[in-house]
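Please see the structure below; I have some questions.
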Amino acid sequence: MKKFVNNPEDFVKEMIEGVVLANPNLKSIPEYNIVYRADMPRNDKVSIIQGSGSGHEPAHIMLVGKGMLDAACPGNVFSAPPMEYVLECTRLMKSDKGVLHLINNYQGDRMAWDMAKEMAEMEGIKVGVVVIDDDVAVTDSTFTVGRRGVAGNFFVIKAVGAAAERGASLEELVDLGKRVNSVVRSMGAALTSCTPPAKGKPIFEIGDDEIEIGVGIHGEPGRRRDKIKPADEIVNELYEAVRDDLPFKSGDRVALMINGLGGTPISELYLLYRAAALRCQADGLKIVRNYVGNYCTSLEMAGFSITLLKLDDELEDLLAAEAEIPIRVF
Amino acid sequence: MEKITLEDVELIVRTMADVALENERYFSDLDAVMGDADFGVSLADGFRAVLKGWDSHDRTSITSFLMKISTIILANTGGCSGPIWGTLFMRCAMGAKGKTDLTLPDIIAMLRSAIEGIKARGGAEIGDKTLLDALDPAVRAMEEWPAPKDLLGAFQAGADAATAAIEGTRGWVARRGRQSFTGERSVGTLDPGIVAVATMMQAIVKKLKERA
Amino acid sequence: MKKFVNNPEDFVKEMIEGVVLANPNLKSIPEYNIVYRADMPRNDKVSIIQGSGSGHEPAHIMLVGKGMLDAACPGNVFSAPPMEYVLECTRLMKSDKGVLHLINNYQGDRMAWDMAKEMAEMEGIKVGVVVIDDDVAVTDSTFTVGRRGVAGNFFVIKAVGAAAERGASLEELVDLGKRVNSVVRSMGAALTSCTPPAKGKPIFEIGDDEIEIGVGIHGEPGRRRDKIKPADEIVNELYEAVRDDLPFKSGDRVALMINGLGGTPISELYLLYRAAALRCQADGLKIVRNYVGNYCTSLEMAGFSITLLKLDDELEDLLAAEAEIPIRVF
Amino acid sequence: MEKITLEDVELIVRTMADVALENERYFSDLDAVMGDADFGVSLADGFRAVLKGWDSHDRTSITSFLMKISTIILANTGGCSGPIWGTLFMRCAMGAKGKTDLTLPDIIAMLRSAIEGIKARGGAEIGDKTLLDALDPAVRAMEEWPAPKDLLGAFQAGADAATAAIEGTRGWVARRGRQSFTGERSVGTLDPGIVAVATMMQAIVKKLKERA
C-alpha cells in the first residue's frame, strides 16, 4: 500500500495528534475523534461543528479555528462518525447561543446527526442544522437521500464562521448557511482511485486511459466512465454542468474554486483554473474571489472539482473576513 | 424449541458479532464495488466493542441486555450502519419489555418493529435494495411458517428467505446508502447489508440448532 | 498519462496563465516564463528572483508576491531555465539596490545563472547570489556540484523576502540568505515516481512495496531503495539524517517542515508531522514554527521531506512577517 | 577533402539539429534512467529554435553563423545542455575568427577550445562521464590521424572514437549533471550526452561523405 501509515487503525488518531501538536490553539478528545478550539465554547457565540468521514482533509478537522469551525468529530476514513461522537461534540461545544450542526448530505451522516440532535435537545441544548448538498453530479431524486455535499462545504463554513464571530444568532446562521448552500454548486472528476488505509487496496479500478466524470469524494462512481481527454474539455464538461444547474448567468458575481482531490499537483490545478476562468469570462461571470488548492479531498485521489458560488455584498464581506486554521502557508 | 431465553439472545448477539468479525474484509470488499468499502470495518468496529465488555454487560433482562448492545453499537459504529443496527437492537429491546422469554410471535413483532424503526430512521422503503430487503422477506417467511412452536424451523425458513434475497436483489437498483449514488450502475451488484443479514441468520440458526 | 493537461508542450505556459488569471497583482512575460509582481521593480528595494525547473510548484512561480520573490523564471518541467530567461528576468527586475539571484544548487541552474549574472553585470546591473543546497541525502563531494537545493529554499526566500521589504541592502541579503542556508537541512523519501507531461511515462520504476529513501525532487534516485516500512520508522531515518548533519542539538529553537512532494494527502503529512514533532521533543529541540503542506514538490510524486531550520530572534521575526503569495487558503 | 567551408558548417549544424529532433524521445529516455528525462527535450528545443529561422541566420562568416547558433541555443535550451552546447558553439565561433574555410588543425583547435570552455563552464573533468568523454577521445583520434589532408578520414576516426565511448564509459561513475547524484548507481548506465555526441558525429561524417 503506497501510503505513509503505521497501524492502519491508528490513521485518524495519529493524524489528529499531528494536527494538535502543530496547532497549540487546538485541543482534542481522542476517544471521540474530536478536535476543538481551546478558547471555545463561549456563551456569547454560537458554536459551529461538523464531522463526516475522515479522508477528506483538510475538511473537516483542519478547518477548525477562529472564524471557521469550533470543533470537528470525524469518523473513520469515509465513514460517518458514530452518533455518540456527534453527541459528545455537541455537549462539549454547548453554548447559550446554541450549537450549529453543519451536515454533509450522506445517509450515514444524516442519521447520526439527526439522532445526536434529538438527544442533545432532550438535554436542553439548542441545536440548529444546515445540510450541505452542492454536488450536481448526482441527480436529485425523492428516492435517494439527495445530492452529496462536497467542496461547497468550505464556503458554508467560511460564511457562517465569520458571521458567528460577529455575534449572529443560531437562527440567523441557519438561514445564512442554507442561503449559501442554495447558491453553491460543484462537480468533480478523477483519474485515479484512492486507497483507504484499512482497506489497503484501491477502492475502484480505473484504466490507464480512463476518467471518472462526476466522481464522489468516497470513490463512488460518478455519472460515467470516459476516455481521458484534454484538460480544457474536462473543465468544459464540469463547468457547464455546474453553471447550468443553478443556473449562473451573465453579470453574476462569483467565487470560483478549483479543488484538488488530494493527489493532483497544484501545477495542474492552476492549468485547470485557467480553463475554468476563461469559461467564466466568456459567459460574463465576474470572478470576485478564487480558490485553487485542496479543500475537500478523497485521500490521494488524482482529480479535481469545480465549485461556483454566487456572491452578493454580504457573502463577499464574510468570505473576506479573517480566519485562522491549521491549513496555512506561513 | 418453543421459546428463546436470555441465554439464547446472548448466543444470537455473540454469533452476529462473530460473523461481523470473521467477514470484516469480505463485507468491506462487497461495499467497495459500488459503495465506499467501509461496511465491514464499521460493523466489525461496533461488534468488537460489543465483545469487549461482553461479560460485564447488563443482563438483568432481555430488554436491558439488548438496550446495552444498541448503545454500544451507536457509540462505536460509523457510517449508515451505526444508526441502522443501533435502531435494530433498540426496537428489539423495546419489544422484549417485561418478557423473560420470547415466542415466535414475540420475535416476529420485535423484528417488524425494527423494520419500521429502520425505515423511519433512514427513509428506506422495501425494494430500495438495503438490508431491509433481507429482513422483510425473512420475517414474512417466519410469519408464514405453519408450526409456530417449531421456532428453529421458522428461523431456518427466515434465514433461507434472507439468503435468497442475496441473489434475488442483485438485479435491483440501489436507492439508499452510498451505493444509491451510482443509480443504474448498481444493477448487478450485491448489497453488503443483505449479505450480512443473511450470513448472520444462517449462523444463528446453526448455533441454536447445536445448542438445542 | 494520468494528468490534467492539454498539449504537454503548453503545460508550463498554461499553468502560468492560470496563476496570473487568479492573481491580478502578478503579471507574466510568457516568452520567458516570467511571473512577476506588478508593483516591482522599485529602486528602493532589492529585487529577489529565482527560477529552476518547473514541476516543483508552488516553488517558484507561486512564491512570487509581497515579502517573498519579486519574480520567477522557471524552465521546462525539471529543466533549468535557458540562460536568456534568467537574463531577461534580471533585466526586468533591475533596481538601483540590486538584484538577488536565489539559485538552487543544480548543475544546469548554476551554469545558466552564472552566465546570466556575467552578462547582467556587463550591462551595469548589480547582482548578488545565494546558492541553496539543503538536501543531506546527497553526500557533498568536490567531484560533484554538491548538495541539492530542496524544500529549505522556502525559508531562504521567506527570510530574504521579509528583510528586503524592510530595506536591507544587497550585501545584507546575500549574507542573510547564506546564513539561512547554513542552518537549514532537508531529506525526502518517495513511494511513487512522477510523470513529466512531455515524457508521458513515470520517470522511474518502483515496486508496490518499495520506498526510495533520499529521493531527489526530479525523480533522481536517492540513497537507497528499501521496502516500505511504518511511517514512524521512515520519519526516524530522515529525521536523524537531518538532525545529525548540522547537527541540531538539545535546546535549539527550530522550524519544522513536513513538505509534501505533490501526491501525498495532508492527512498523511500530519501523521508524519506527529512522528517528527515527537522526535524533536524527545531530543529537546523546541519547535517554534511549523509548516505542513506542499512547498517544494516533484509533480504528483507521493512522498515527503523533513526540513529543520535552526532559529534565532532575527530569523523568527522574519519568518513571522506578513507575506502574500498565490498559494493561500482564503 | 582538405578543408570545410561555410556551407559544410551549415550542413554540420543542420545534421546535428536533425539528429537532435529525430532522437528527442530516445535521448530523454536515456536521461530518465539515472537523470531527469529532459535531455532529449532540451536539446530538441534548442535545435528546433535553430531550424526555425534557418534561412535568415547571419551567414557573413563562419564565425558570425556559429555565434548566432550559440545565442539561439543559450536562449532556448534548458537544463545543463543550454550552457554546455551554447559554450561549444561559442568557442567554435571564436576559433573560426577571420577564416573562410577550416583545415583539420583549425577544427582540432576549435574543438580543444570548446572542451576547455565546457570544463570551465560546468566544472567537469575528463573522466566524469559527460559528453566530454566523447568529445575528448574524438579530438584525440583526429589529432592522431596520420593524413591531415584526409579530413573525412579524420572525422570518421573521431566519430568512431566517440561511438566507442558510449559503451566504453558505461561502467563509469557519473560525477556531473543530474546523474551524478546517484553516485555508484550510475555505473552500468549510458550517458545521454555521450550518446548524442557520437550519434551526431556519425551522422555528420555520413552527410559530408554524401556531399563529397
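Order of writing sets the labels: A, B, C and D. Residues in every chain begin at 1.
Throughout what follows, contacts are C-beta pairs under 8 Å (C-beta built on N, C-alpha and C of every residue); 3 or more make two chains touch, one makes a residue touch a chain.
Given the structure is predicted, the values throughout are model-derived calculations rather than measurements.
Q: Which contact partners do subunit A and subunit B have in common?
A: A chain counts here if it touches both subunit A and subunit B, and no chain qualifies.
Q: Among the chains here, which has the CA centroid at the largest distance from subunit A's centroid?
A: Farthest chain from subunit A, going by C-alpha centroids: D.
Q: Where the centres are mean C-alpha positions, what is the separation of subunit A from subunit C, in Å?
A: That gives a centre separation of 29 Å.
Q: List the centre-to-centre spacing of subunit B and subunit C in whole Å, with centres computed as mean CA coordinates.
A: Whole-Å distance between the two chain centres: 55.
Q: Which whole number of Å gives the spacing of the CA centres of subunit B and subunit D?
A: Taking the average C-alpha coordinate of subunit B and of subunit D, the gap between them is 76 Å.
Q: Give me the residues of subunit A that touch two or more other chains.
A: Within subunit A, no residue contacts more than one other chain.
Q: Can you list the residues of subunit D that touch 2 or more other chains?
A: none
Q: What is the shape of the graph in which nodes denote protein chains and edges denote touching chain pairs (line, ring, star, complete, other)?
A: Shape of the chain contacts: a line, open at both ends.
Q: Would you please name all pairs of chains that touch?
A: Those chain pairs satisfying the definition are A-B, A-C, C-D.
Q: Okay, in this complex, where on subunit A does subunit C touch?
A: Result: residues 1-7, 11, 14-15, 17-19, 21-22, 54-55, 57-58, 62, 158, 191-192, 208, 228, 230-232, 234, 262-274, 277-278, 290-294, 297, 299-300, 302, 304, 319, 323, 325-330 of subunit A touch subunit C.
Q: Touching residues of subunit D toward subunit C in the complex: what are they?
A: These residues of subunit D touch subunit C: 28, 32, 34-38, 41-42, 45, 74-84, 86, 121-123, 128, 175-178, 180-183, 185.
Q: Quick one: in the complex, what on subunit C touches subunit D?
A: Of all residues in subunit C, those touching subunit D are 53, 75-84, 106-108, 111-112, 114-115, 138-139, 143-145, 148, 196, 198-199, 201, 203-204, 216, 218-221.
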